[in-house]
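To start, I am sharing the structure in question, which I have written as structure tokens.
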Amino acid sequence: MTIVVYPGTFDPITNGHLDIVRRAARLFDRIVIGVYEKSNKHLVFTTEERVELVRLAVASIPNVEVKSFSGLTVDFARKEKAPVMIRGLRMNADFEKEFEMAMMNRKLAPDLDLLCLMARQEYQFLSSSLLKEVARLGGNISDLVPEHVAEALRKKVHGTM
Amino acid sequence: MTIVVYPGTFDPITNGHLDIVRRAARLFDRIVIGVYEKSNKHLVFTTEERVELVRLAVASIPNVEVKSFSGLTVDFARKEKAPVMIRGLRMNADFEKEFEMAMMNRKLAPDLDLLCLMARQEYQFLSSSLLKEVARLGGNISDLVPEHVAEALRKKVHGTM
Amino acid sequence: MTIVVYPGTFDPITNGHLDIVRRAARLFDRIVIGVYEKSNKHLVFTTEERVELVRLAVASIPNVEVKSFSGLTVDFARKEKAPVMIRGLRMNADFEKEFEMAMMNRKLAPDLDLLCLMARQEYQFLSSSLLKEVARLGGNISDLVPEHVAEALRKKVHGTM
Amino acid sequence: MTIVVYPGTFDPITNGHLDIVRRAARLFDRIVIGVYEKSNKHLVFTTEERVELVRLAVASIPNVEVKSFSGLTVDFARKEKAPVMIRGLRMNADFEKEFEMAMMNRKLAPDLDLLCLMARQEYQFLSSSLLKEVARLGGNISDLVPEHVAEALRKKVHGTM
Amino acid sequence: MTIVVYPGTFDPITNGHLDIVRRAARLFDRIVIGVYEKSNKHLVFTTEERVELVRLAVASIPNVEVKSFSGLTVDFARKEKAPVMIRGLRMNADFEKEFEMAMMNRKLAPDLDLLCLMARQEYQFLSSSLLKEVARLGGNISDLVPEHVAEALRKKVHGTM
Amino acid sequence: MTIVVYPGTFDPITNGHLDIVRRAARLFDRIVIGVYEKSNKHLVFTTEERVELVRLAVASIPNVEVKSFSGLTVDFARKEKAPVMIRGLRMNADFEKEFEMAMMNRKLAPDLDLLCLMARQEYQFLSSSLLKEVARLGGNISDLVPEHVAEALRKKVHGTM
């Protein structure tokens, strides 16, 4: 049985993330989504909220589980007994950053492999940060996130932001 | 009559921005420069100061107007009845960022088109942030901004910065 | 009246090119598409065929004209009395090439400006060369080119290629 | 049982390719390496030779099979009943090319997914074309390819090249 | 006698930096490492600590000196009577940033030249910021920095961070 | 005494190359320009012509020598007893190619170091291939190459090309 971890901040989960999860869920036996615990004031949602938004989003996919984690991603993968980590890849400036992390992770955990799934064309230019900026300024984001995420984002934006 | 908007932070306006404005002013009937209102402490100039510096810089170009705006850029363009937005394009790391925004804007406002003007060779490597860093450290920036901007920057730098 | 030239090889014209033409035709008074004459055996279509395929594709847009040209692009623009040249910009490896050409053209013709229109998301990854490779290998390209171009391409492919 | 195809030209197979195969073979049930048939005079080895060199290189990995193919890669994957195609990803200029192909392939075969494995650090800068150039000029390539490939390359180089 | 300056933040010095120093020390008569004074709370080490860590790291290389500096890098080079500044170059997103700075520096000091040394393959993906993140999360960084730096980093991480 | 080699095709030498030579000649004791012997019909000038054009261009710089070479660049450097090779670096698509070659060369000759000099702003977008294309189409290239090179190029272009 091949377990894969899919780590991220998911602040919040987008349709782009969700597409990666769905594609991975067809290829591997079990997907463990790792929501990175960060007490970072730049984040819009708390760890608990982010986990909950992801959980609702993937509720209908049977072989997916959601957990929060802190510490190194490679340690999270090891704990979950996952030989593989997956990442969505968008054709953007963060690509080199991905490479840096991939090479560092391989150094830290030579047995953990990294599989990248290229983002679908319609999600190539969708990032969580751009999404939040648009939401903050009153733009319509309903095509880009699941319904419950759009609602949660609207509440946050009309509240403290 | 074709109206175009040229949005930006302009903290402060540089000769690179000014070159884009001049070139656009020869091609289109009316240019509305939109200075983005941000109460961001990382900015050196207030919105009012930024608007004023831009205004002085473009005073001699008849078909250019300067306004401040908040909210989504596409909403600013709509309000100004501009079917086109222009951007200067430098060959640098922010290029992918431009693409992300362009694709998002097209989603938010399918009828608003984006025209990019490539920065002239001498301004390819000129960014407002690098400019401010150099000014702060005492470097000579007189070739890179209009005279009144250089002076305003010098005052800020010797003052609170 | 602002005339713009849109130069290219158009071997053959794709829906991506066509989208650029349509968008430009809404912004400028007259568009002159310049089909570059090249007796290059790597091309699939002759200059005459390429011009004809473009002509059919733009037949319904009133302010567009199609011509073939040889020599420097800047000389073609000058002859057409166009102060502006337009280019479609895709987020790909040829971006630097575009910059090189843009800077060279500015050197050769300082008064000719270049406007770039970013390719629509669905055409970001569509190049004439990839298109021809797919057609050659029997892939379905009907979504990517006008109907008459698909047919012409099929004939070429089943013929000499 | 998950079958994956790994298509390529393999002219010739390098240690970088081999690393991708080994990593994929640990994650998936069966790997079908697809050697692309091309009667291209720029290639150093014939299709038969390339297939044979790959076969020898992967002989010790039980769940790997080698086949040649022509036509579209997505059709090869379909014929092999593989829901996944894998590619090695190096941090280089061909990255955008990969994206173009990936997006086109998804258009041609929406159900076929693409998984990318990032090249190991020591193979990041190893391409078949650079390898051949070095071999041709008499450089030592023994660390970069399996022993039998180095020998085959030496023979070719001292022969007709 | 050719003096070169090697400016940087060095928070902290890594084996990648050290490799650049060693290579430069073989080519030039005297290397002056310039540690940039910044009272930036994002830094892990104070200026004094950073200077000290660099000093220990280069103690065995006779023609290397370590100084801290503030103000423009080009002014530091001038004060040190160095006609050349060196930089390590990694194949990553900061490359364009390097170009921007290089062009700006040439404007500020036309006589100061910039020499870039490409990072060795094993250090291509090593940045101080990634290093600190890994250390903070408990990863093993002993291969990536000199022994005394690893120890200093461990102390900082277990202390205030 | 530090000898450096500066290898290239120089088909033909441009003002960009010449700027690199002049800057290197101020920093190192002796520069050996290596003109790569290639009997490639895509080249405009023969090896002898290319060497001669370079020689005339650098005649006034005392510590520069011009030689042709074949085989591996690292072997040429070794024969010339040069511990360093220099390259001009332009901010363009070939950057990754440079990295590939640099890493391969380091593998082939670990003791040979590579120093990169960033092209001056006015030469950032000047490549020999673009130059030749412009010359072929009748464009004015007199600012981009030494006078005698412009003349030689004009002769070639009006002759066989």
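Labels for the chains are A, B, C, D, E and F, by order of writing; each one numbers its residues from 1.
Simple rule for what comes next: a residue touches a chain if its C-beta (ideal position, glycine included) is under 8 Å from a C-beta of that chain, and two chains touch if they have at least 3 such contacts.
Note that this is a predicted model, so its numbers are computed, not measured.
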Intersection of the contact lists for chain D and chain E: A, F
Same or different residue numbers at the chain B/chain C copy interface, by half rule: same
Result of counting contacting C-beta pairs for A-E and B-F, higher pair: A-E
Chain separated most widely from chain A, comparing mean CA positions: F
Chain whose mean Cα position lies farthest from chain D: B
Centroid spacing, where centroids are CA-atom means, of chain A and chain B in whole angstrom: 34
Mean-CA-position distance for chain E and chain C (Å): 47
Contacts with two or more other chains, residues of chain D listed in rising order: 91, 93, 95-96, 99, 102-103, 121, 124-125
Chains that touch, pairwise: A-B, A-C, A-D, A-E, B-C, B-E, B-F, C-D, C-F, D-E, D-F, E-F
Chain F residues touching chain B - in the complex, by the definition given at the top: 91, 121-122, 124-125
Chain E residues within the chain F interface of the complex: 2, 23, 26-27, 83-84, 89, 91, 95-96, 99, 102-103, 106, 113-118, 120-121
Chain E partner contacts - residues on chain A that touch it in the complex: 71-72, 74-75, 93-97, 99-101, 103-104, 107-108
Contact footprint of chain A on chain E as seen in their complex: 91-93, 124-127, 130, 134, 137-140, 143
